[in-house]
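Please find one structure pasted underneath; my questions will follow.
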């Protein structure tokens, strides 16, 4: 574990230095990233230019969901977001290079193409979250205040687990890297809107099967005092860290299985 | 070989190249379908709140969503078509070879990109659209004439889309690095094509402006023609107008670029 | 250095399940035996050439030895370690150079890649500095350390990669096509370095190559693999005998002429005014050229060394099949 984090830091550092060799390009991509990720929110603002509520939720409430979803996703994306180059690495054979080094492969893959420009998404998510916190009509209690950072961190871990599971899937199906986008980008987009907007089956699916709902929906519904469309016991409000831990364990198993599959097939 | 047959061959080549990535295509179909489902629910909620927004009823809004998913890769709305390769050739200087070929550079790339678009439409676009038609209420015309007009708008949309991306790609002759323009292309493409929200539903004067930009020719026009929300001749004229203007601009930029390459000696 | 076995391979095999597309949606599953019950031992300090046609199982073997792939059967030990089970532990003791892909950081100065190795392999500071100085000197990297890797020539980059693989004092070095694509000078430099490394440090070296000269100048022992089986294991001289290696003299005459007679050389191909003469590798090319030139109007000529594939082909197949013309890319030697 420690060895992996240390290797991650070393490799991420190399990528940061690499990107600094193209300074103008770096500045351009940081700005571009900020705009690109902000576009989703502009879409939401456009919708609210026409209506006062969506699925019964007001703009500050939707912004609360949006800020939580984007910040959590942004952290996972910063830390593990380049896992989609794994497929390419396997095709060109450079994945083998990672396997002959004395540090965990997952750390090397996670740090691959590490890019500070991804701070753009986190910045933008935090800005929206900040505005939402000041604008929502909530009676803040200590528990509710504490839930906000818990949601962001647990959410980041849940999305991180999705990235790792996606990477494991790519080992088996290299060309199918885009399937991962449906769960990562698709997931964060889904969570930007109130659960009341979606069909019950879909909500059940992301609550019980792929528990993305614990990134923000379930705890945020409690914070905002809105009923969650699927009946859940009260303790689930605080279950996000537990769900995150379970996701991590599952992703870890998937990654191990993927790596073993590679070692026995050479893909 | 006649010029027409040459460009047809180039287009077929473009089609075939993308056709080899079957698994990637299937993955794309899946992803477009997932995004379509998410977007449909948000649109349904929006139109529930504001029936008749942008002149659409709920079924039309749903149709719009699935058409958007269908055309997302086809029209390379986020970029990633022929311009990607052209940029790379300009960056590495390989484009000098292309300039000395006895073919028209713009037509060559247009043909290849149309071939790509045709594959993306059939291989990647049709399935999510059919999925939408099966599982959600959609408004689809029953008369053949409307479908024929729609097909023409798709071709013109593909040409306009190419013309925009060609201009962007040529800018690399001067900028030398395509990262920034690629991002700009991506942002403008998604936003102004109406991938987030139909341009009809954009508010006020801002809406007026976005509806006359060239990106409106990509998704909004084919959608409105398909659903009978606009006159066919007007839509076609709008698209053709932008196609001519942008292709001419591309041509002008191309000859400026050629002069530049010749001066630099390749 | 003793002659204890450093690499032990006993009846190792590797079977791949390959799914092949046979129709639009039809797929066919096929088992491919990439490596078929191979056994060998390599002692500490040996330099061994591992050769064979493309797809014969060379790189599969190397991948099993480095722990990248898990064998389907048999027993495999490197320095007493089971590579696929303890891949990361083994990584500290082996060095790998992949000829066609660099492990260096493209946009950063060469030295930055070495600093990463220093920390990733936890090489003690003094040891790192000592090794770096020595490698820089032997491989002539002094002026390249501050140059971004993307600006290095292929030969410079290969030397850079070799140094990167050796900073942590590996006991064995695997080289996959270390001289592919290099110019004559760079090849000579890499080979001289490997000899020096082996003599000085006693590093065990296992290399795959298509260049017979790599083997001739470096390895006292050659292993030949074909269709996943080890078909030869012994001295290079023995391989030459087995294969009765031939060289090829290609002459361009002023005009089309009947096949030249110059025994023991024999004409194997005529194309207009160009003729191909095969002659035993042991014969002097100079003498043959002199004889041909004496009574034929020569415009140009070149001598092609037998490449490894031709040698193996001769060894594996009947002499009748072996009169093929060696591959054209071996290059001109005399002009």
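By letter and in written order, the chains are A, B and C; residue numbering begins at 1 in each of them.
Everything that follows uses one rule, which is that a residue touches a chain if its C-beta (ideal position, glycine included) is under 8 Å from a C-beta of that chain, and two chains touch if they have at least 3 such contacts.
This is a predicted model, so every value here is computed, not measured.
K.L.:
How short can a path of touching chains from chain A to chain C be, counted in steps?
P.N.:
Counted as steps through touching chains, the separation is 1.
K.L.:
Of all chains present, which has the mean Cα position farthest from that of chain B?
P.N.:
Computed centres place C farthest from chain B.
K.L.:
Select, from all pairs of chains, the pair with the highest number of C-beta pairs in contact.
P.N.:
Pair with the most C-beta pairs in contact: A-B.
K.L.:
I'd like the Å distance between the centres of chain A and chain C, where a centre is the mean of that chain's Cα atoms.
P.N.:
45
K.L.:
At what distance in angstrom does the C-alpha mean of chain C lie from that of chain B?
P.N.:
Chain B and chain C have C-alpha centres separated by 49 Å.
K.L.:
In whole angstrom, what separates the CA-based centres of chain A and chain B?
P.N.:
It comes to 29 Å between the two C-alpha centres.
K.L.:
Touching at least two other chains at once: which residues of chain A meet that condition?
P.N.:
22
K.L.:
If you look at chain B, which of its residues touch at least two other chains?
P.N.:
none
K.L.:
Spell out the residues on chain A that touch chain B in their complex, using ranges where they run on.
P.N.:
22, 24-25, 28-29, 32-33, 35-36, 39-40, 42-43, 46-47, 49-55, 173-179, 181-182, 186, 189-190, 193, 196-199, 202
K.L.:
Under the stated contact criterion, what part of chain C meets chain A in this complex?
P.N.:
16-17, 60, 63, 66-70, 72, 84, 87-89, 91-92, 94, 96, 98, 101, 103, 105-108, 112, 116, 119-121, 148
K.L.:
Where on chain B is chain A touching in the complex?
P.N.:
Residues 21-24, 26-28, 30-31, 34-35, 37-38, 41-42, 44-46, 49-50, 53, 177, 179-180, 183-184, 186-187, 190-191, 196-197, 201-203.
K.L.:
Which part of chain A faces chain C closely enough to touch in the complex?
P.N.:
7, 10-11, 14, 17-18, 21-22, 92-94, 96-97, 99-104, 260, 263-266
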